[in-house]
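A single structure is presented below for examination.
A, B, C, D, E and F label the chains in the order they appear, each numbered from 1.
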Amino acid sequence: MKKVVVLVLALVCGMLFMPGQCFGQEQAAEQEIVIDTGTTAWMLTSTSLVLLMTPGLAMFYGGLVRTKNVVGTMMHSFAAMAIIGVLWAICGYAMTFGTSHGWCGWDWEKFMLSGIDSKMRASGIPEVVFAMFQGKFAIITPALIAGAFAERVKFRGYCILIILWSLLIYNPLAHWVWGGGYLTGLAKDFAGGTVIHISAGISGLVMALYLGSRRGYPKTAMHPNNLVMTLMGAGLLWVGWFGFNAGSSESSGLLTGQALTVTQVAASAGAVTWMLIEAFHHQKATSLGFVSGMLAGLVAITPAAGDVMVPGAIVLGVAASIVCYLALRLKSKLGYDDSLDVFGIHGVAGIVGALLLTFFLRNVPDHGIGRQFYYQLEGVIVSGVYAGVVTLILTVRIDKTVGLRMSAPAEMAGMDHSLHGESGYGMLNMN
Amino acid sequence: MKLITAIIQPDKLDEVRESLLKAEITRITVSRCSGRGRADQVDLYRGQVVAPDLINKVRLDIACNDNYVDIAIDAILTAARHGAEGKIGDGKIFVTNLERCIRIRTGETGGEAI
Amino acid sequence: MKKVVVLVLALVCGMLFMPGQCFGQEQAAEQEIVIDTGTTAWMLTSTSLVLLMTPGLAMFYGGLVRTKNVVGTMMHSFAAMAIIGVLWAICGYAMTFGTSHGWCGWDWEKFMLSGIDSKMRASGIPEVVFAMFQGKFAIITPALIAGAFAERVKFRGYCILIILWSLLIYNPLAHWVWGGGYLTGLAKDFAGGTVIHISAGISGLVMALYLGSRRGYPKTAMHPNNLVMTLMGAGLLWVGWFGFNAGSSESSGLLTGQALTVTQVAASAGAVTWMLIEAFHHQKATSLGFVSGMLAGLVAITPAAGDVMVPGAIVLGVAASIVCYLALRLKSKLGYDDSLDVFGIHGVAGIVGALLLTFFLRNVPDHGIGRQFYYQLEGVIVSGVYAGVVTLILTVRIDKTVGLRMSAPAEMAGMDHSLHGESGYGMLNMN
Amino acid sequence: MKKVVVLVLALVCGMLFMPGQCFGQEQAAEQEIVIDTGTTAWMLTSTSLVLLMTPGLAMFYGGLVRTKNVVGTMMHSFAAMAIIGVLWAICGYAMTFGTSHGWCGWDWEKFMLSGIDSKMRASGIPEVVFAMFQGKFAIITPALIAGAFAERVKFRGYCILIILWSLLIYNPLAHWVWGGGYLTGLAKDFAGGTVIHISAGISGLVMALYLGSRRGYPKTAMHPNNLVMTLMGAGLLWVGWFGFNAGSSESSGLLTGQALTVTQVAASAGAVTWMLIEAFHHQKATSLGFVSGMLAGLVAITPAAGDVMVPGAIVLGVAASIVCYLALRLKSKLGYDDSLDVFGIHGVAGIVGALLLTFFLRNVPDHGIGRQFYYQLEGVIVSGVYAGVVTLILTVRIDKTVGLRMSAPAEMAGMDHSLHGESGYGMLNMN
Amino acid sequence: MKLITAIIQPDKLDEVRESLLKAEITRITVSRCSGRGRADQVDLYRGQVVAPDLINKVRLDIACNDNYVDIAIDAILTAARHGAEGKIGDGKIFVTNLERCIRIRTGETGGEAI
Amino acid sequence: MKLITAIIQPDKLDEVRESLLKAEITRITVSRCSGRGRADQVDLYRGQVVAPDLINKVRLDIACNDNYVDIAIDAILTAARHGAEGKIGDGKIFVTNLERCIRIRTGETGGEAI
């Protein structure tokens, strides 16, 4: 814990002496871009919607674990909101969208967002709005990973992990794909299929493998403590995804509408497909299946939202659902414990979406479908390998020093009792 | 007086209650519990003994006079079974001796208070 | 189940061979309408808000049934999100807003939304945004009906029912009232009083009567399993209704603001009225009463939102609350089992709103109040009769073939166990 | 109860005879302001977001009380939504933003919002939208206070209290600070630090002291019945606060983006700080601590949102968290029962924010920092003293007449049973 | 040693506990249950026997030495009654024999371990 | 046959179950309860006797044949204690006599049905 504090103190000090308001001059020149209040309004709304996804994810994940881990699991998402919330404003935005220096970007004037306080972007929105919108993506990505090692990690280790993960993996990756780095403009990744879902999926897989299964898995069935809350969370995720995808157009117009449309269609198609599969296999359509299919559809359309039309969205949703369903069956055969299927849904559907979108592009690129597919593959592999390798290093280091895996008695007692000293549902006992 | 405690499957609660009503046993206390009976899922997992999971059950407590005990047990037995031959997990009935019974409202005791 | 699959397969095949991107030429001409980013932003937001109402409804309804049916009841709403979500994009929009052919509309270029991919509407928003906004209405309407026959229908039958209900009832009705059909422009129905609430209410009533009561009703009290969740759902519904009503102005200006204002006022007035009634009758104001009054107010203002002012909104809210309260008392006398009062609230308050609004119009129409009242009555009767009759036919057919009513043992065991193999609140038992 | 009804009836009658639509002429002149659809869109969205905070607050507070009071506690927020919802439209807006008459404002044309039905504001939004946005603030403020005397007040007394509190405290205060009253323009209060949080905090403190502790406090630990719901509520509050603060800019541009940015940063900084403090003191970071810190940060940034930059936001968040943490420790020493820490969080963090912001202003005012600090202090003291004194009078009067404190047996049985005849979680018992 | 099991109305829990405390009985176990006693709502509905609904109750378990049994019962009786004459549904008290009692912390048994 | 009822701390549930499994006792019923044991927090507050708060506990019910009783108790005792010396609140074990036991699925009774 001490190390964290030192880090934080260092940053706080740094910020007090930073060159605050001295960028006034340079800004003047750019100020001619007129503000587009409509686009700004939609980007502000999108920012709110994407932020809403994080509590939505907390509910989604929180409902799926066992009762004794519900608070701990929700805290994984909430902690990301707070920790990355500060970190992104301090240096994350600068690393991602600063002038490219190869591995990552950096501009001192973007440090603490001070230099962009009154800048505008070419799209007619204030740059701070763009920075905040992007910050919400940086928040939700580490929160996603937490599902892979649910119910068995220490909170302290987790906090340190997401700080480092964000600095060493998310920011560079996002920089490469969106910020002017070397993948920018090649692979199509409209709203973060590679940067967010594939990187989270692979990182989750690596950590789940390294940390090992929960005690008792897979012999002991671990039933969701609150499917009702998982459904509520799924509802918020769906709605929030409109901000996620349609907001990624950085506009409020045709492209925005198109992105929203295919998002809606792919989510629906994914959910319907999973229900049908289950109806055939088990004669019963489960609600957990429904939300898994919905999520698969949403993840698959994420990289494609700006570039495919309704039929493509249906195919992507259907395909993602089918492939994820098979992936989950494979997982139970392989027996590793990716507890809430971060890889099985986000990783797999992310890959399906990133590759399959090539065949449903609204405008076929000049370099042809084959070449585009190659770019897509490159994006997938680069994100996957980079995220996987660095995550492994981080996990090992943290587990060896601060400790990441909970002790057996603590795990049996549950995270809520052992790590947070609370219990999620006081109502269960008379009080 | 005896206290009959039955652990049954939740989906059979309504049927068991209707069956008890037919046998004119109306007073009952019901609560949630989890249980594990026939432990065929207990196994070694990577060399460790693992506590198998608990399954949702419902617990019925029925206090009744001695002459009603068999009637009540029969009513439960018929209704709580899944299918004609029963299924694993259908549940169990325990009978203990009840020494005193008091109705709070009136203060009556013994057989009348059941 | 097989039939459903065949249907879906057929549609999917159809879509793969459809004339995809061949409408490019015709669009050029219309492209001169400049996009209004502000209006687009609000319509995108409204779309998100109305989508949020469906999980809100799932929570509202889910909290009111018994514990053993909570997942099944929430799945009614979620299934509508997915199924109608796909269906609307494929053919619903074309049937509703295509060129009128009498019973319904149709344009091949609206099939799969392909031809409108880059069209604009006169209001300055992309047509896909309008299509998505309208699609959310198509989703929530069948979900509303589900409350009338809660706790006793088979999931498979329900899914087929809502597909057919949407195709045969919702799309034509919406076409008549909004899409250029024969009622367009006569009856005032700003945001769907007739199309949505009255049609849902009457359909629910018909189905509740045909399917019969839940086992044990009304002797056995059936307590809500989670009033707390019902309250949360009510909160989301209220907020979502701003999108519902203010979004129906298809603008971001004066009319939008006026619609939002009266929505807020009518909801408040309805809730306050119900609390006062209960305070007099029972000395206790229940939370269920509160949300019922709120809902009555919201439903009543729906057809009127664009045309009445604050005093009118108060009267509508108060009147709807009173009439609905009486209607529910009458129901308990009559003894039919409209489980969550779809008719008692949506049907009745919808009728109250549609008729009463005539007397509070901001601008009295040229043809006079009497004539307007006649139009309103016509709208009510046409929607009610059409929805009622077709629903009856559908219900009987489905119940006789696929089966709609659950078997007695399945109903006693609960939908969650029998139909979905899940239980909503794992936390209730130690695990 | 009778008195309430008489009041309501009187108002309803008044409204039916009011000079309704006779303001048409005067409006014509102002109509030249063109509507800004983008700003309108954002203000409509903000209105929805701030409304969402009230159910969010219901969840936040509802989760923290004991099981037997969950419905009653949530109803405090919901009742405010309905009661103030009507009251604000009838006369609240007129009292706050009408022409100043000293103690409060008033314009007959603002009564029932009739005269502003089609007016525009200089910012390019319809005045009704502004009225509705402001109305949401009027709703949430009394709802906030309810946390201070949770679990022990009669519903009837509470309803009367919030009506009078709104009329006699909120409307005048808001008028002084924002509506053209004598504090307007002096103290910086961007989104309601003094008017909302300090006034609510002090009022809560006064009432908690007057009404006395809950039976058993502080010897008996009173555990939260549903921390999970509190976390969900916290999520909604954070998201809603974007509307609260960024909406208070009454624009959709640079200032809006800046306000949103610092809101995000201060919330994060507050939450992180509280987690660190707890980690040091107790080795465990609780979720309740997390949300307390988050709330402290959000409250502290509220008056400052338009005027500080990222570093200032971090300092405000950190400082608010630390001071609130100390305040809560002090409270447990003093032993009064501000049940959900309305004063400890809203009051204290509000004061911290209002004073501290002086030192982080983006643009130092011409009259210098010292003078500004004096204005801030004046704002704090005026709001605090006025709210405190009038609240005390109101509380005593209502407690002596209608009754405010529940009887001991009723309190032991719980509000849900005694006052509402309901139970929040039916699922807890087999049914 | 006896085991006293009382089923009471939830709204009386606090009063009963205070009453027990006054009688110096502090150790207690409490759980939720649902129950049906006097079954006056049982009736035929459209010709079918219907299981009447269950009402929320609270179950108290108190293990005590023999000389405390009557004290405990009296404490419950006075506090759990609604009004002077009691109301239907006020609840019931069951007494069974307790053979052994062991304190986990120390391993003590018998009367001292109560 | 005896019925063993143990009240333990929730965080020890998994350990106790593993310990019972090792002792070859697999059948069990588990439910939630709240409890108050050593009542050192009871006190006067502003002159009023106050009901101290209830703490979350877990209740285990194990029916077993007489020769298994001590084995089961030992298994619980070792696993449910916090640390070597135990902590206040570790819980308690009650043993009552079980007169009859019936397996619902088969209708078997007595020792075999346990």
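One rule holds in what follows: a residue touches a chain if its C-beta (ideal position, glycine included) is under 8 Å from a C-beta of that chain, and two chains touch if they have at least 3 such contacts.
Since the model is a prediction, treat every value here as computed from it, not as a measurement.
Colleague: Among the chains here, which has the CA centroid at the largest distance from subunit B's centroid?
Modeller: Relative to subunit B, the chain with the farthest C-alpha centre is D.
Colleague: Would you mind telling me which chain pair, B-C or B-E, is linked by more contacting C-beta pairs?
Modeller: B-E
Colleague: Would you mind pulling out the distance in Å between where the CA atoms of subunit B average out and where those of subunit D do?
Modeller: Computed from C-alpha means, the inter-chain centre distance equals 51 Å.
Colleague: Could you state the distance in Å from the CA-based centre of subunit A to that of subunit F?
Modeller: About 44 Å, centre to centre.
Colleague: Averaging only over C-alpha atoms, locate the centres of subunit B and subunit F and give their separation in whole Å.
Modeller: Centres of subunit B and subunit F (C-alpha means) sit 18 Å apart.
Colleague: At least two other chains touched by the same residue of subunit B: list those residues.
Modeller: 13-14, 30-34, 50-54, 57, 96-97
Colleague: Can you list the subunit D residues in contact with two or more other chains?
Modeller: Only 36-39, 41-42, 45, 70, 215, 222-223, 226, 232, 252, 423-425, 428, 430-431 qualify.
Colleague: Chain contact topology under the given definition, line, ring, star, complete or other?
Modeller: complete
Colleague: Going by the contact rule at the top, pick out the subunit D residues touching subunit C in the complex.
Modeller: 1, 4-5, 8, 12, 15-16, 18, 20-21, 35-42, 44-45, 47-48, 51-52, 54-56, 58-59, 62, 70-71, 74-75, 78-79, 81-86, 89-90, 112-114, 117-118, 120, 125-126, 128-129, 131-132, 135, 155-156, 226, 229, 232, 252, 419-428, 430-431
Colleague: Applying the document's contact rule, which stretches of subunit F touch subunit B when the two form their complex?
Modeller: 3, 14, 17-18, 21-22, 26-32, 61, 63, 96-107, 113
Colleague: Touching subunit E in the complex: which residues of subunit C?
Modeller: 215-223
Colleague: Okay, in this complex, where on subunit E does subunit D touch?
Modeller: Interface residues on subunit E, with respect to subunit D: 10-15, 32-34, 53-54, 56-57.
Colleague: Would you pull the subunit C residues touching subunit B in the complex into a rising list?
Modeller: 68, 215, 409, 412-414, 417-418, 423, 428-431
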